[in-house]
Structure formats: structure tokens, C-alpha cells
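There are two complexes below, and they share chain A, which is joined by chain B in the first and by chain C in the second.
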Partner chain A sequence: MSSLGTLGNTTLLLALAFSLWGLIGGAVGAIRRDRRLITSARMAASATFLAMTATVAVMEIALLTDDFSVSYVAETSRTTSPIWVKIVTLWAALEGSLLLWGWLLSGYWAVLSWVAPNTPLKPWALTVMAGVQTFFVGVPAIAARPFNSVFPVPLEGPGPNPLLQNHWMMAVHPFLMYLGFVGLTVPFAYAIAALITNRPGTEWMLNTRRWTLIGWGFLTAAIITGGWWSYEVLGWGGYWAWDPVENVSFLPWLTATAFIHSIQVQERRRMLKAWNLLLIILTFTLTLLGTFLTRSGVVSSVHSFGDGPVGPIFLGFFIVAFGLSMGLLAWRWDHVRDRSDLDHPVSREGSFLAGNVLFLAMTFAVLLGTIFPLFVEAATGDKVTVGAPFFDQATLPLWMGILFLMGIGPLLPWRRAPDQTLRGNLLWMALGAVVFGVASFAFGMRAIYPLLTMTLVGWNLASLVLLVTGVVVPRLKIGQRGVAQVLRQYAFENKRRFGSMVVHFGVLVMAVGIMGSSAYRVDEQIRIDIGSSAPFQGYILHARDKFMEQTPGRISAGAVVDLERDGQIVTTLRPRTNVFAGQEMTVPTPSVMYRPNYDIYLNVASTVGPEQDFVVLRAVMSPLITWIWIGGLIAALGTAYALVPGVQGARATRDLKRGLEASQT
Partner chain B sequence: MIRRLVIVASVTAALGGLFLFGLLRGSPDRDIESARLNRPVPAFELPLYERYHASFGPTLDVGSYLGEVPMIVNFWASWCGPCYEEAPDLQAAWEDFGGQVLFVGVQTQDRGRQQEGRDFIDQFNLGFANVIDDDSSLSIEYGLFGVPETFFIRADGTLAYKHAGPVTYELLEEQVLALTGGTP
Partner chain C sequence: MKRWVYALLGVAVLGVAGVLIQRALGEALVYFILPSEYAADPATYEDRRIRLGGIVSPGTVQYDDQKLVLAFDVTDSLQTFPVEHIGTPPELFKENTGVVVEGSFEDGTFKSDNLLVKHTEVYEAPKDGEPIDVEALKESLE
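Right after this comes the complex of A and B.
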């Protein structure tokens, strides 16, 4: 009998009991306004967190000690794996991922129960958190059980999915993804609390602004690291293929991005109440829908990780969550409808609203493309696939619109119609756009979208410069301080605003990277005899040797390729394929030369056998691709900066008051 | 309010119904079947490698065989590793069944690499006819995902089966039996 398994089952059931108490006790307490019950239900959050922490710890111990009497360990782990692989095997398959999800959620719930201000919304918000928590503990406790005991105990297991153990990025990407999904549960819980208590004002949003930004930031980072992982592991030299698995992580990001912009309109102008509630409900339910679609195998995907028994369960939860929250919204509709209209379409709020429409249109297009095959099959029985061309055509114009608005929006004043300064600003931005557009054209770019992207990057850079000079110049006039000092103080006093500028700059850097790597990528298949060479994009690829390495748990076979340019060896790449012990699948392991202007990416396109005296390489040159990762890092830093606590809170309250007064006059 | 709740309920139900259908239908086919299955395959006439000129002339007109005899059309490229794996099996199967089924090799997605193609054919001493699809247009007409792919065509000119990836002697034998109606 497995002692760790018993222990894990016990702590998991305890967590389930605590979260159930948080749900039932919380709901009854909130309805009866019973202080003692509410307090007791609040304690359930910390208790659940402790129990889930213990559960995850037990699983980690089982993984690290190769306790194959625990079913999850027996199905996904292997003695020969390195320690870091064993640790991250926790989220290498469905059951463990659910444990991780439940654990992170309980952490957020517990922190929320400690730090959330005591408002009438809090008991209900914690109750909604408890409801979601009950689901995410209930599924591993009852349906997808990781702690089943295995008898007879096997001596060795198959190890995790080779695609996952092939790169350290896999240790990071799912973790970030869950932190993002879970973080966005908090604003959802508050939104539902606002609907239940019929207080659909601004309170729920202000209480969760930081949580929203945290969730959004993690989701953004998760999507970018996912792309990088795909680039480093999947072997086709790309990072985004509009695969259903990718799309469903993108959908909640789109609605969340719309949300973090439109809540500012509500903050300032008391408008878009219903819209914001709708956006956060959509964001949360789309995370559930995404989990359902990828875990059930309903839409076919090139990398669907593990079908399990949870498809119908996730579907049920999605339907319940979607139906209940949308029903609540419909029920409270008369209270959340906006009473005021836009004063002027060309204003800050007007541009935010337009941006929202574009983000929502993109959400719809991507969702449609993802489930369209299912639609067609249900209607006609025919099997179709929707490929990258559809998604590119549908989203590229929308992206251009978003980039356009991103430049102009922050320069527009709230509420009133634009004045003379705007005209001057527009001239500068147009100049920036023209300079970048013409320079790109002179550089040899001819295709329409790349040119448009570069033009809009110029437009946005000018806008950022104007934003910065707009705050720095007046301050220079009133004091004797230097530019750096003024800028530093501005950044310190306006963390959220300055952070958003940094994020927008990161987006521009990414836009350039995406433009270059998708429009000007060169992809060739080259056969080289060992010992001879072949040309590729100004380089000589010299296949110096082939190699085969065996380490415990892994066999690698590949080629040693020198990259030569102008008679000099620039670097040596070792693309190879890995075969992991216990797994049959061969995993391509590309080798990449990272450079700021372009990457050279080599992947062995077929296995390198012992008798084989040649190697077939897939050689990809991706211009500017590194800037996607750098831009992502900049955006992450900007988000983190906006989250640093400071005088922001006081300012926001002041702004809020001002907005309140403005809406009353 | 009732009307709004009804709208929400029906949207929820519609979504639920669609996904329930997805669940009940079972897992989708990951291998997409050839759209040409059980339908006539396109005819083609392409230049042959020199060593086959004596038997067929400078080009091979597949149209004159389609609908008369069963055929196996194998697509390959000189840079394709698995093609080297399967070539000996193809040659062996041709030696055994070449009298019943017409074997045709098509070098495709390999523009301008006739010398490499010649080396490939010489390396395995391929006896069956090999043609050059230099601009890869045939591979598009046949809907290739990659190389190697092998098409098994019945005597009436319709596609019986398509295999993606390297073929083995066993697979070829089994398919030849199916095409010719059983007797080896």
C-alpha cells in the first residue's frame, strides 16, 4: 500500500472539504449577513491553501523519490530523468496540471482573503473563488485522480512527454499560463459579486485592478514563452501556427487586453459598466472553454496534450459558469446599462472603445476559426480544417487598426473634443510614420503589411516621444532639474502610466520582430554529405561530422555544422534528434544561432543513422525574430513596474473623485 | 428580463450542444484521408530518366496506362531521408510484382537536382520507371503533404489507398494483393 498515495489523497480530500465549506458557508453567510459564518468561510481559504500545498508537496516527494506506487508517478515519471524534469513533471500531464492549477488558485484565494478590503463585495467574491476552487480540487480528487495506488509497483515509468522534457522552457510556460488563468479568476469573482449584490459600480474593478494586471501580465508572458518554446522545440522554425491549443490561450488574452483598457473608461467616465462585466465573464469562461477544447480532443490539434476523462466535466463547468454569469448579467441588465453617452467620438474613451471593438472582433474571428471545423461537421458531416491563411487574413487588418489606435489613444484628452495641440501632435506622428514607411521602402520592403507595420511603428514611436516630452518639457520649465531627474520623478509618481508606455514600447518591438520573421523568413531543405558543404543565405554550411551521444535516459544523434561566412567560421551548430528512454517518439532538437538582425536555425529533417553519410537539414533564416522575445521582456518589465505599489493608489483615488465630480456635474 | 434570460439560455444551450456533439463524435481523425480516395487520379506525362528511355521513350505518359492496369505511384526526393529507407523495399516489390502492377517513381519537390536524382536511382539500381516532376506541379495535383508518399491505384484508375511516410515490402505486398484481387 502506498503511503504517499494515501497521504496525498487525504490532503486532497481535506482541500476539497475546506473549499466546499468556503462555498457553502460563504454563500449562506453572505445571504444571512452572518459575520461569524463569513469569517469562518474566509478561513477556509487559508485552510485550503495549506491542504493544497501539502498535496503538491506530497506529489513532488513522490516524483523525486520515484515512488511508482503512485499512479501519476508511474504514468509520467522515470528514474533516469534529471531532477528539474522530475520537479516539473508535476505539470507534464493532466492530473498533475490540475493539482498545480488548484494549488495556485488556492494561493490567490488565500491572499485575497487576507488583503482584500472589507467591502460588501468581499464575502461574495470569496464565495465565487471558493466555487471555482471546489471545481479545481474536485476534479483531481474525484475524476482525474493522481494518487491512485498501483500494484504491483513497477520498477520504471515511461517518463514525461518527450516534447516537454526536451526544453527547460517547459518548466516555465505552463506555470505562467496557470498563474495568468488563475489571476483572472479574481476580477471575475468580484464581477459576479457585484452582480449578485447589485453594486455594479466601479468598486469591484478598483478592488481588483492589481489582480487583473497580474493575471494579464502572466498570461502575456505565458503566450510569449509558449511561442519561444515552440520555436526551440518543434523544429519548423516558427513560433505561432494558429493551432487550436495556441488559439485558446490567445482568446482570453484578447478579451483581457480589451478589459484592462476599457476599465479605465469606467474608472474615469463611469461608462461601459455592462461591457466590462461582459468582458471579464468572457475572459474567465474562455479560459474554461480553452481547457475543455484542448483537454478533450474535440478539435484536432497537432499538439493536444493528453486526452483524459475530464472533457465532459470541463464542458459541464463551462456551461454552468457561462450560463449562470450571463444569466446574472441579463438579470441585472437594467442596473448596469450606461446612462451617459460618449461626449465626443475623438477622445480618449472613444479610442479605447474603438480598440475594444477591434479586440472583440479578433476574439470572434479566432474563436470562429477554431471551432468552425466542429460547426461544419455538426451541420454537414464534412471534415474541414481552418488554416493559418484564414487567421492571418482575418487578424492582420485588425492588428493594424489596433497599432493605429495605440499611437493616437494616449494622446487624446478624456471627454472633450481634441484641441490645437492634437493637430500638432498628429503632424509629428504622421512625420514619424512617413519616415519609417519611406525608409522601409528604400530598404527594399515591398509587401503591404510589412510596410504598413513599419509605418505604424514610426507613428507609435513619435507618439511615445510626444508623450514623454509632453510631461518632461513643462516640468523642466518650472524647475532647475535635469531631464533625467524629471523623467525619473515622473516615472516614480506615475507608475501605471509610465508602465503602460513601456508595455506599448515592448509591443512595438514585438511587432517589428513578428513582421520580419513572418514576412521575410527563408526556409529551405538542404542535403549535405558529411564532410562537404552547401550554401545558405550567404553562409556556407559545412557538415563537419555527425555524432551520437548516449546519456542515461536519452540518446541524441545529429550533425556538427560549421557556419562559415567570408572564409571565417562564425559558429558551430549541433542540430540533433533526441530519443528519450521509455518513449518511442523522436524529438527534433534544433540548434539556433541567435543574432539581433536574424537567426539561423538548423534542424535535422530526418534521423541521422549510423551508416548514413549525409544529413538532411531544414535551414531557416528568420530576420529580427529575437526582437519578439526582447519585446516580450520589455512588456513584462513594464507590467511589473506598473504593479509596484506607490503613490499610485492615492492618485487613482483622486482621479476617481474627479471623475465622480465630473459625471455629477 | 425574461426575454434576455431566454436569449442567454438559448446561447448557452447552443454552445453546449455543439461541444457535446464534439465529445460524442469521438476523437477526430488526425490522419486526413486523401480527398481523391475512390476517385480517378489525374493522368500525367513527365520526362523520364535516361536509363528508362529504352523501355518507354523520353517521357512516360501515365494516361495510357490509367484505367488499364493497376499502378503504384511513389513520390520521392533526393534530400528525403525516409525515401532512402524505403527505396530497397520498392525495388524488391517491383522485382516480385512488376509484372502485375505498374510501378512509377516521381522525383518531386527537388527542383534542378537531376544529378542527385540519378545518384539516388543508381544507388538502389531502381528498375521501375522514374520521372522528373521538376516544378513540383504533380505533387500539388496529387495533394502531397510531404515525401515520401505512395498512391495505390486500381485498374479502373481510381485511388484505392494512399500511404504517407516510408513504405515497407510487407505493406507493398499487401496492397498489390488488394489491387490485383488476391492471387500473388
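Right after this comes the complex of A and C.
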């Protein structure tokens, strides 16, 4: 019996016991309003976190010391892997990534148990967190056990999936994804608490505003880094293939994005109570549905993780969580129903509502496309897949609508737009749109969606300028301060507002990148004899040499290709294929020349053998693709900025403290 | 403005979305079939992107490494069709393995731009004279 395995099983069972206590003790305490029981259940969060930390530490030690008596290590690790690969192997397969999920969740739960304000919602919110935690500890503790003992102990393991160990993004993207999924559990827990305690006002969303933004920010970052990862490792020169695994990460993002907009309507206008509750319930349950779809093998995917008992378990939890949430919503329906109407459709809330409808329509379209093969097979027995054209056709018009609303919405005042300001703003924005549209046409763009995208980018840029001048110009008039100072002060005082402008600007930058790289991409297969050259998009590709490298963990074979333009060697690329020890599969490892105006992406289409005197390259030119990653970075920074504690918050805390002190004396 | 106006607007938006979705789905469905299924009903799959699965017939593989065209016959032992794949043979491509090619039929030849090699571990090729289990073959290629 392996000692690390026993230890890991013990700490995992401890975590399960603690989270069960958090659930049962928390629920009983909250029902009986028993302070001692509530406090005790609250402590279960920290205890679970400690036990999960110990569990993850044990697994890391087992991975780093190549303890193949632990089943997860035996199935996924290898002695020759570099240390960073061994560390991230924790989330290279199902059982380990469930540990990571459970650990991060316990971290959020523990932090929440300490920092959350003492409101009537808190005991129930912590109880819901405990319930979710119990599931995410229970699955690895009972069904997908990573600490089973292996006998006889193997001397070597296969190593993680070669696609995963081929790139350092493996260390980043899944981590961000789980941080996002887990982060959005917090507003879900508060929403359920609000329904149970019958307090469906704004309290629950104000308590979780930062958590929501944190979860959304991580999810956004995860999706973009995932795109860059697949660009760097999959070898076809794209970043998004509408593969089921990608789609199911996109679904909760769509509903979460709708949510962070529509909660503002409730904050300001006390409307959309039920809608907001529904959105956060959808967001949370879609992460469960997605995990079921991709882990159960019911939809085939390039990166599915194989069949297992875990799929049906997730389906069961999805059904239970969705059913209970909807039951609660129905039970409280009389209290969450909106009693007031929209004053006018042309208003901030009107535009937010329209944007919500578009986001939900997109959620529906993507979900339908992802699971449609299941319906067809069930109905006719035909095996089908839904190709990327469906997703493009279904989502592009919706995106255009969203971009349109993104420009106009923030400029509209709440309740009703005064006609004069609105007309003036619209005129400027239309001007921006026309300038960008005409310039793009003059530049040679003819296809409808790229032209529309550029037009809407102009529309939005004008809108951002109007938003900034709208606050800066009046302040300049009343004081003697310069533009930079006024702007700095505005950005400092209105962190949420300014952060949202930065995020929207990032979205525009990404839109340009997506437009350029998908509409104007050039993709060719080129055969070049070693020592000679071939033309590609104004460049001469000179296959100078081929090479073969061997390290203990892997063998690489590839070509050395000089990119020549106007008689000058611009750069040298070394596309290759890697074969990792213990694995059969060869992994393409493209080499990319990153440029602001376009990337040149080379991938060897078939392994360069020792006897072979030529190389077959897949050469892809993607205009503007780098701006997707830059735009994503801008959006992430904007989100982070909006999260910096604001002056208003600090001031409120200060005033509250003074008031307390005053009342005590 | 009354509630029912918004309700109506909502329904209209949903309707438009529904129509867009339905049209797009009809065009973007890619069927996965075997050669015999194609032979039984070629009209259905005319001018349409499909995924064709089967076994690489021995003795038919020809690779032109100048033009980068890989030609071979794909069979489910009931029917056989020639495939022309633009590109290089993948690593594990060889005779008698299961493959799935994606593309469309042009004049009886399947023009493919995507070739996947499938390890048909579950599926065992029948010995000479034995009937083939087409369903098992299809299941193993999916």
C-alpha cells in the first residue's frame, strides 16, 4: 500500500467530511438561526480548504517524486518530464483536474467565509458553497479516485497527453478556466441564498459584485489564452474551431456577460429581478452541463478526455442543481416578478435589455449547434457533425447587433434619452461609422461582415470618445487643470465606469483581429526541397536545412526556414514535430513570425524523416491576428482596474467608521 | 409602452433568430457515412460536405510528393470509392487502417481536404469470405 496514496485518500475524505458539515451544519444553523452552529459551519470552509490544500500538496509530491504507486501518477506522469510539466500534470487528466477544481473552490469558499459582510444572506450562501464543494470533493473521493494504489508498481508512466506537455500555456489556461468557473459559483450561491431567504432585492448582487467581475475576468482571460494556446499547438493556424469543448466554455461566458450588464439595471432601476436570478443560475449550471458533455464522450471532440463514470454524475448534478434552482425561483415567483415597466426603450436599461436578448440568443444557438448531433442521432440514427459555418452564420449577425448596442448603450441615460443630446451623439457616431466603413472599402475590403465590423468599430470609437469628452470637457471649463489631470482624476474616481470603457475598447481591438484573421487568412501547403525556396505571400521561404534533436523526454524533427523579403532575411522559423517519450502521437509544433499587421505561421505537414530531402509546409498568413491577444490583454487590464477598490468604497468605509466611533463616544 | 409590445418584440427577435438558426443548420450539417451508404443514396449527398469513413484498400495507395496529392481507395467491403486527398499522408496512415476523410464527391471521386486516421482497435477486419459487420465498422470509426 502506497503511503502517499493513503495520505491523499485520508485528506480527501477529511475534506469531504468538512464540506458535508458545512452543508448540513450550515443548513440546520441557518434554518434554526443558531449562531453557534452557523459559526461552526463557517469554520468548515477553512478546514476544507486546508484539507484540500494538503490533498493537492500530496498529489504534487507524488508527481514530483514519480511515485507510480499512486494511480493518477502512474496513468499520467513520466520520470523524464521537466519539473514544470510534472507540476502541471495535476490538471492534465480528469481526476487531477477535479482535485484542482475542488481546491480552488474551497479557496473561494474559505475567503468568502472570512470577508463576506455579515448579512442575512451569508449563512445560506456559505451553505450553497458547501453543497457545491461537497460535490466537487465527493466526485474525486468516491467516483474518479486519483489516489488508488497500483500494484505491482510500474517503473515508468506514459506522461501527460502530448498536446498538453508541448506548450507552457498548459500551466496557465486550465487554471484560469477553473478560477473563472469557481468564481461564478459565488454569485450563484448568493442568488440561491436570496431566493431561500426571500430577499431578491439588490443585496445579493451588491454583496457579490466583485466576485462576479473576478469570475468573469478569469473566464474571459481563460478563453482568450485557450485560443492562443490552440493557435500555438494545434497546427492549423487558427484559434477557434467551434469544437464542443470550446463551445461549452463559451456558453457560461455568454450568460455571465449578459449578467454583468443586466445586474446594473436592477441596481439602478430595481427591474429584472427574476431575469438576473435566472442568468446566474444558467451560468452556473451551464458549467456543469459543459463538463458533462465533454467528459462523457457523448459529443465527440478533438480534445475530449475519454469516457468515464464522471459524465453521468455531472449530468445528475446538473439536473439536481438546475431543478432545485428553478423550483426555488418558481416558489418565490410572486416576489421576484417585476412590478415596474420600462419607461422608454431608448434608454440605458432598454439597450442593456436588448443586449441581453442577443447574448441569450447566441447562447441558445451555440448550445443547439453543440448538442444537435445528439438529437439527429436519436431521431434518425444518422451520425452528423455541425460544421463551423453554422456557428459563423448564427453568431455573426448577433455579434453585429451586440457591437451596435455596445456603442449606443453607455451613452444613453437611464430611464429616457433626451432627444437633443441623443441626436448629437448619434450624429458623431454615425460619422465615425461612415469614416471607418468608407476607409475600409477604399482599402479594398468588400465582404459584408468585415465591412460591417469596421463600420461598427468606428461607431464604437466615436462613442468612447464621446463618453470621455462628455465628462472631461465640463470639468475643464470649471477649473484650471489640464486635460491629463482631469482625465486621471476621472479614471481614479470612477473605476468601474472607466474600467468598463477600457474593456469595451479591448473588445473592439479583438473584433478587428478576429475580422482580419478569419476573413483574410491565406492557407497553403507548400513543398520545398531542402536547400531551395518557394514563394508565399510576398516572401521567399528558403528551406535552409532540416534538423533532428533528441532530449531524454522527446525527439524533435523539423526544418530551418528563412523568410526572405526584398532580398533581406526577415526572420528564421523552425517548425517541427515533437514525439514525447511514452507516447505514439506526433505533435505539430508550428513556428510563428508575429507582426502587428499579419502573422506568418509555418507548420510541417508531415514529419521530416531522416531520408527525406524535402519538407512539406503548411503556411498560413493571418492578418491582424495579434490584435486578438492584445485586445484580450486590454480587456483583462480593464477588468482588473474596475476591481481596484474605489474611492467611493473607501470613503463609505471611512464614514462608517467615523460614525461608529462617534456613536460610541 | 405596454408589456405586450416588448413581448411581441421579443418574440419577433426569437423568430428571426430561429429562422437564421434553422437555415444555417440545414446547410452546415456534415453527415458521417460509409461507402455503401453513399452508394445506396448518392443524390442525398450530392454537392454536400460529408465525412466518409472506411478502410484503406491494400494496393491502392499512391502519393505524389510533388503535387502533394494522396490517392487511395476507401472501402467498407461492400462498396469502394477512390479518394483524392490534397495533402500529405498522416503519420499513422497505411493500408488496411480505418480512415475518415472530409470533403465531397465529384464525378465519383471523393475530394478530401481533411484526413483522419482512426485506430480501429475494437473492430477486427473479417477473414476472407466472412461477411463484414458494417455497423461495428461505423461505430469504431466514429
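The definition used in the following text is that the second predicted complex is superposed on the first by the 646 of 665 C-alpha atoms of A that agree within 3 Å, B and C clash if a C-alpha of one lies under 4 Å from a C-alpha of the other, contacts with A are read in each partner's own complex, and residues count from 1 in each chain.
By our rule, contacts are C-beta pairs under 8 Å (C-beta built on N, C-alpha and C of every residue); 3 or more make two chains touch, one makes a residue touch a chain.
Quick caveat, the model's predicted, so the values are computed rather than measured.
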(request) State whether chain B and chain C clash or fit side by side on chain A once the two structures are superposed. (result) clash
(message) Under the stated touch criterion, which partner chain does A:Phe322 make contact with: chain B (first), chain C (second), both, or neither?
(response) first
(message) Quick check for you: in the superposed arrangement, does A:Val616 touch first (chain B), second (chain C), both or neither?
(response) both
(message) According to the stated criteria, A:Gly311 is in contact with first (chain B), second (chain C), both, or neither; which is it?
(response) first
(request) Pick one for A:Gly369: touches chain B only (first), chain C only (second), both, or neither. (result) second
(request) Please work out whether A:Ala378 is in contact with chain B alone, chain C alone, both, or neither, and reply first, second, both or neither. (result) first
(message) Output check: A:Asp529 vs chain B and chain C. Expected answer is one of first, second, both, neither. What do you get?
(response) neither
(message) I'd like to know which partner A:Trp331 touches here: chain B for first, chain C for second, both or neither.
(response) first
(request) Would you check which partner chain A:Glu549 touches, where first means chain B only, second means chain C only, and both and neither mean what they say? (result) neither
(message) Looking at A:Ala605, would you say it contacts chain B, chain C, both, or neither? Reply first, second, both or neither.
(response) both
(message) Per the definitions at the top, what is the overlap between the chain A residues touching chain B and those touching chain C?
(response) 300, 383, 385, 525, 527, 605-607, 616
(request) Sort out for me which residues of chain A touch chain B in the complex. (result) 292, 296-300, 307, 311-312, 315, 318-319, 322-323, 326-327, 329-331, 333-334, 371, 374-375, 377-378, 383, 385, 525-527, 605-607, 612, 616
(message) Which residues of chain A touch chain C once you look at their complex with the stated criterion?
(response) 300, 341-342, 344-345, 357, 361, 364-365, 368-369, 372, 376, 382-391, 393-394, 397-398, 525, 527, 584-586, 605-607, 614, 616
(request) Please name which positions on chain C make contact with chain A in the complex. (result) 1-3, 6, 10, 13-14, 17, 20-21, 23-25, 27-33, 49, 51, 65-66, 68, 86-92, 138, 142
(request) Can you check the complex and tell me which residues of chain B touch chain A? (result) 1, 4-5, 7-9, 11-12, 15-16, 18-23, 25, 27-30, 32, 78-82, 84, 116
